[in-house]
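Both complexes below contain chain A, partnered by chain B and then by chain C.
Moving on, here comes the complex of A and B:
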C-alpha cells in the first residue's frame, strides 16, 4: 500500500467561519496505481492534493492521518514536511506553465532548486538529460529561458523536474487542462510512461475531465462537496457507476464517436451546497432524484464489490 | 445568412509593422439561420479572429463577410452599425471578466436599453427582460439585483446570452462560452444553444473542444493555422474525417467508450481502405491551395500532400 489517507479533514479559515472543503475522505492507493481524482470546482479535489504537499496560510488541519509507504506524513507540520516534499511526495502544479523562474535559464534554475534541497546537481545531471530526451526535448532547453518555450514544452520540463528525485507519490494537478488536444494526449501518455519506468511509484491525477483520466488511470475517485462519492477501477466508473452523482455526471458529458443529431443530454439540476455550513447527511441529497429520508444520515463510504467503494444508501 | 467569402486577416507585426502574419487565409463558409456551425481549432488557429471579424471587432483584410447580402465592412455611421448589432451579437469565454464587479449584473440589460430601446415604457421593458430570462431558464427573482460575484459562472454566461436575445438577434457568435463552466452546468448552456437554434437563430459556435462541437452543431468547420482544412455536415466530418489534421484531432480527444489506441487503429484501417484519397492528394512539397475540394456532397477538404499521415 503506497498511500493511506484516513478521515482527513482540512478546512479553510474565513472571517465567517470554517469552510469544510475536505471533510474526512478515507482511501488507499496501491503501489503503481494511477488514480484519477475527478470532481467539479469546489469538490475538494484540489484541497486534497494540496494538503498532501503543503497547507497554505488559510488552510487548517483539523484531523485525520496520511501514511506513505508505512510512514506517517506530518501534514500539519510545515517544517517536518520538508523531508517529504519533492523527494517522497512531489507535485506538478496546476499552472506549471508559470511555475518556472522567468529570470533564470532553465538549467540554472533546476540546479539552484536541487542544491537548495541538498542534492548535488552533478549527481543527477545525466539522468536529467536522459529524461528530457525521453519526453522529446533537446537538452538545449536547459540553456533557454522559460519564455522561449511553448506551453507544452514548459509542461514537460516541469514534469521531468518534479519527478527527477524519483518520488513515491506524484500529484498531477490539472496538468493537461491548459494544453491543446493533441499535446494533451502526449502529456497524459507521458504520465503513464513515468509510472511504467518507475520514476514515480504511484500517482494522483487531478482533473475535471473524466474522459481524460479514463484513458490513463487505473482507478477513478469522484469527489463531491468535500466528501468521497465513489472510487472504482476506471472502466467500472464509466460503465457501471453506482453513485447517482457519478451516473448523472457521466451521462451529462458529450463525447466524440457518438452521433447526437437532435438527441439531448440532461444536466444535473441545482448547484453544489455551500461548505461554510454544509448540510447534514448526504451532501448530494438536494440534487439527487433518488433521495429519501434515510439520506438525512450520512452514508458511509463502503466497499460494495471488490475495489468498488460508494457512499450512497441507494447503491444496493 | 452570415457568409464568409474568401476572408483573410493579415496582421502587421514586428518593429514598425515590418513583418506580416496571416491569421486567417481565405476562409469560405456560411452560417444559416436555424443552424449551429461549430468552428473548431487549437490555439492560434485563427478561430477567434473569424468570430471577431463577424462582430466587426477586427477588420477584414481581404474578402467579404456578408450578412443577408450586405457587406458588413461597408456599414458606416452609428445608426447602420446599431442596426447590425441588433441582429448579430457575441458572447465570450470568461463570464467573470465580462462584468464590471462594481455594478449589479443586470446593468448589462440597462445598457442595452439605454443604447437601443430608450422609448420603450418601463412595464414593456420589464416584460421583455423577463421573457429573455425565461428563454435562458433563469429565475428573475434569483438574478435581478445581484452582483456578479453572487452568481455562478453558468448563471452569468446565461445572463449574457439573455442580453443578446433582448436585441431580437438573428445570429450569435459564441466564442468558447462553455470552457469556463463546470461539467454539470455545461450541458445546460449547450442545450440552450439548441433551443435558440430551434427558434431560428444562426449560431457560430467557436470551440477547441471537439466533443462539444459534435454534440450541438449541424455543420463543422475545422481550422488549422489560419486555413480551413475540412468542413461539412457534422456527422460527416466526425464520422468520415478526410484531412490528416482532423484525424489527428479525433485520435487525440479522450473518449469514454474507446481507448486512444483503438480509435487510432480504426482511423488507420479506414484510411488504408480509402480509395478517394488520390482525388485530393498533392505532390509532396506543394503548398496546399486555399480552395477546398468537394470530396463528398457538401463535405469539403483541403488537398494535402499525399503520404501525410494522421501523425503528420
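Moving on, here comes the complex of A and C:
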C-alpha cells in the first residue's frame, strides 16, 4: 500500500463555525495506482488533495491519519511536513501557469529551490534536461523567464519540476482544466508516462472531468459533500456504478455519437447540502431518488465486490 | 530596444516643449504688472522720470515686443542657457538665483526621500512578517501619513526648536556666518538642516512602510509563493522572492518622488524659511517675477522628465517582463 488515509477530518474555520469540508474519508492507494478523484465543487476533493501536502491557513486538522509507504505523515505539523514535501509528496497545482516566480529565470528558480531543499542542483541537472526533452521542451527554457513561455509550456515545466525528485505520491490538482482540449489529452498521457517511467509511484488526479480521467486512471474515487461516495476501478465506475450519485453523475455525461437536439442532457436536480452544519445520515439523501428511512443513518464505506467500495444502503 | 528608446525620447521631447510653453504662458497671464511693481518700489513722484523708468524696464525685460516675438526670443535665449534677469533680485541673472537655491533643495530632499524609502521599505517588510510589529508599525505609519505635513512641521519646529531649543528653526545656516568650509559653518549648516529633513523624512516614512507591508503580504499570498510552500521551500527563499517582487511598485513610487526633488518642497521651505527652490517660487510669485518663475518651473520640468527617463531604464533592468515586451516577445 502506497498511501493509506483513515478517517481524515479537516475543517475550515469560519466566523460562523467549522465547515466540515472533509469528513472522515478512509481509503488506500496501491503502488503504481493512478486514482482519479472526482466530485462537484465543494465535494471536498480539493481539500483532501491539499491536506495531503499542505494545510492552508484556514484549514484545521481535526482527526484521522495519513500513512505513506508505512510512515506516518504528520499533516497537522507544518514544519515536520517539510521533510515529506517535494521529496515524498509533491503537487502539480491548479495554477501551474502562474506557479513560477515571474522575475526569476526558470533555471535559476529551480536551482535555488533545489539547493534550498538540500539537493545539489548539479546532481539533478542531467535528469532535468532529459525530462524536459521527454515532455517536448527545449532545455533552453531554463534560460527564459516564465512570461516567455506559453501556458502549456509552463504547465509542462511545472510537471517536470514537481516530479524531479521522484516523489512517492503526486497530487495533480485540476491540471487539465485550464488547457484547451487538444493539450488536455497530451498532458493526461504525460501523467501516465511519468508513472510508467517510475518518476512517481502513485498519483491522485483531482478533476471534475470524469470522461478525461477515465482514460488515464486505474481507479476513480467519487466524493460528495465531504465524504466518499464510491471508489472502484475506472471501468467499473463508468459501466457499473453502484452509488445513486455516481450513477446520476455518469448519466449526465454526453455520449459519443448521440445528438442532443431533441432530448436535453439532464443534470442532477437540487444542490449539495451546506457543510457548516451537515445533515445527519447520508448526505445525498435529499437529492436521492432511492432515499428511504434507513438513509437517516450514515451508510458505511464498504467493499461490496473486490476493489469496489460504496457508501450506500441500496448498493448491495 | 533602440526603437523603444527612440520613441521614449520623442515623447519626452514633446512633453518638454509643451511644458516649457505653458511655463512661459503662466506668469504672463497672471494678473499684475511687474514693471508697475518695480516703479512702486522706486516710489517716484515725477511722472516724467516715472515714464522714463517704465520705458527702460519694459525694454530691458523685452515687454515692448509683440507677444509672439517674446515667445521666440525666449526659446532662442533658452538654448543659449539664458533664462533672463530676475525682476525681484534685479539685476541678478535668473540662472544664478536658481543655482544658488538648488543645492539647498537637493541637500534637503534627496536624503529625506532616499532614506525614508530605504527605511520605510525595510520596516514594511519586517512588519509583514511579525504580528507584533504589524500591530505597532502600521498604526504609527497611518498616523504619520495622515498627519497634515504643515502641522507636523510646525509641531517639530515648536517642540524641538522653540521649546527644547535644540535646533534653530529658520534659515540654512546662522545669519552671523558667511559661507566657507570652516567647522563652525558646516555644523551650523547641519543643525539648520536637521529639522526640515526630519519632518519630511517622517511624513514619507509611513507611506513607504504601509505600501511595502501590503505588497509583501500580497506577494506572500500569490501563487508562486504557494507553490514554493507546497514544495517545502524554506521561508527565507520565499521571503526573498516576495521582497524582490514587492520592490517593483516601490521603485516606481520612488521615481515619482525623485522627480519632484528639484521642485523643492514648498511647505518645508516656507515653514523653516529654508532658502531652496520652493522658497524661491513663492518669492517669485509674490514679486511678479516672470523670469524667475519661468526658470524655476523649467528646472522642475527638466528634473521630472530626467528622473522618469532614468526610472524607465532602471525598470527595464530590474523587471524582466518589461524587457521581454520591448524585444517584441510574448505578452
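Going forward, the second predicted complex is superposed on the first by the 310 of 316 C-alpha atoms of A that agree within 3 Å, B and C clash if a C-alpha of one lies under 4 Å from a C-alpha of the other, contacts with A are read in each partner's own complex, and residues count from 1 in each chain.
One rule holds in what follows: a residue touches a chain if its C-beta (ideal position, glycine included) is under 8 Å from a C-beta of that chain, and two chains touch if they have at least 3 such contacts.
Because the structure is a prediction, the values reported are computed rather than measured.
A.B. asks: Looking at the combined model built on chain A, do chain B and chain C fit side by side or clash?
C.D. replies: fit
A.B. asks: Figure out whether A:266 sits in contact with chain B (first) or chain C (second), or with both, or with neither.
C.D. replies: first
A.B. asks: What is the value, to the nearest 10 degrees, of the angle subtended at the Cα centroid of chain A by the Cα centroids of chain B and chain C?
C.D. replies: For this superposition the angle at chain A equals 70 degrees.
A.B. asks: Pick one for A:40: touches chain B only (first), chain C only (second), both, or neither.
C.D. replies: It touches chain B, and chain C stays clear.
A.B. asks: Answer with first, second, both or neither: which of chain B and chain C does A:184 touch in the superposed model?
C.D. replies: In the superposition, A:184 touches chain B alone.
A.B. asks: What's the minimum Cα gap, in whole angstrom, linking chain B and chain C in the superposed view?
C.D. replies: Nearest C-alpha atoms of the two chains are 8 Å apart.
A.B. asks: Which parts of chain A are in contact with chain B and also with chain C?
C.D. replies: Common interface on chain A, chain B vs chain C: nothing in common.
A.B. asks: Flag every residue of chain A that touches chain B in the complex, lowest number first.
C.D. replies: 40-41, 180-182, 184-185, 188-189, 208-212, 214-215, 238, 248-250, 252-262, 264-268, 271
A.B. asks: Hey, which residues of chain B end up touching chain A in the complex?
C.D. replies: 42-43, 152, 182-188, 190-191, 194, 208, 210-212, 214-216, 235, 238-239, 248-260, 263
A.B. asks: Tell me, which parts of chain A touch chain C in their complex?
C.D. replies: The contact residues of chain A facing chain C are 53-54, 81-87, 90-91, 93, 95, 98-105, 112-113, 116-117, 145, 147-150, 158, 162.
A.B. asks: Tell me, which parts of chain C touch chain A in their complex?
C.D. replies: That would be residues 222-224, 226-234, 236-237, 241, 244-245, 248, 318-321, 324, 329-330 of chain C.
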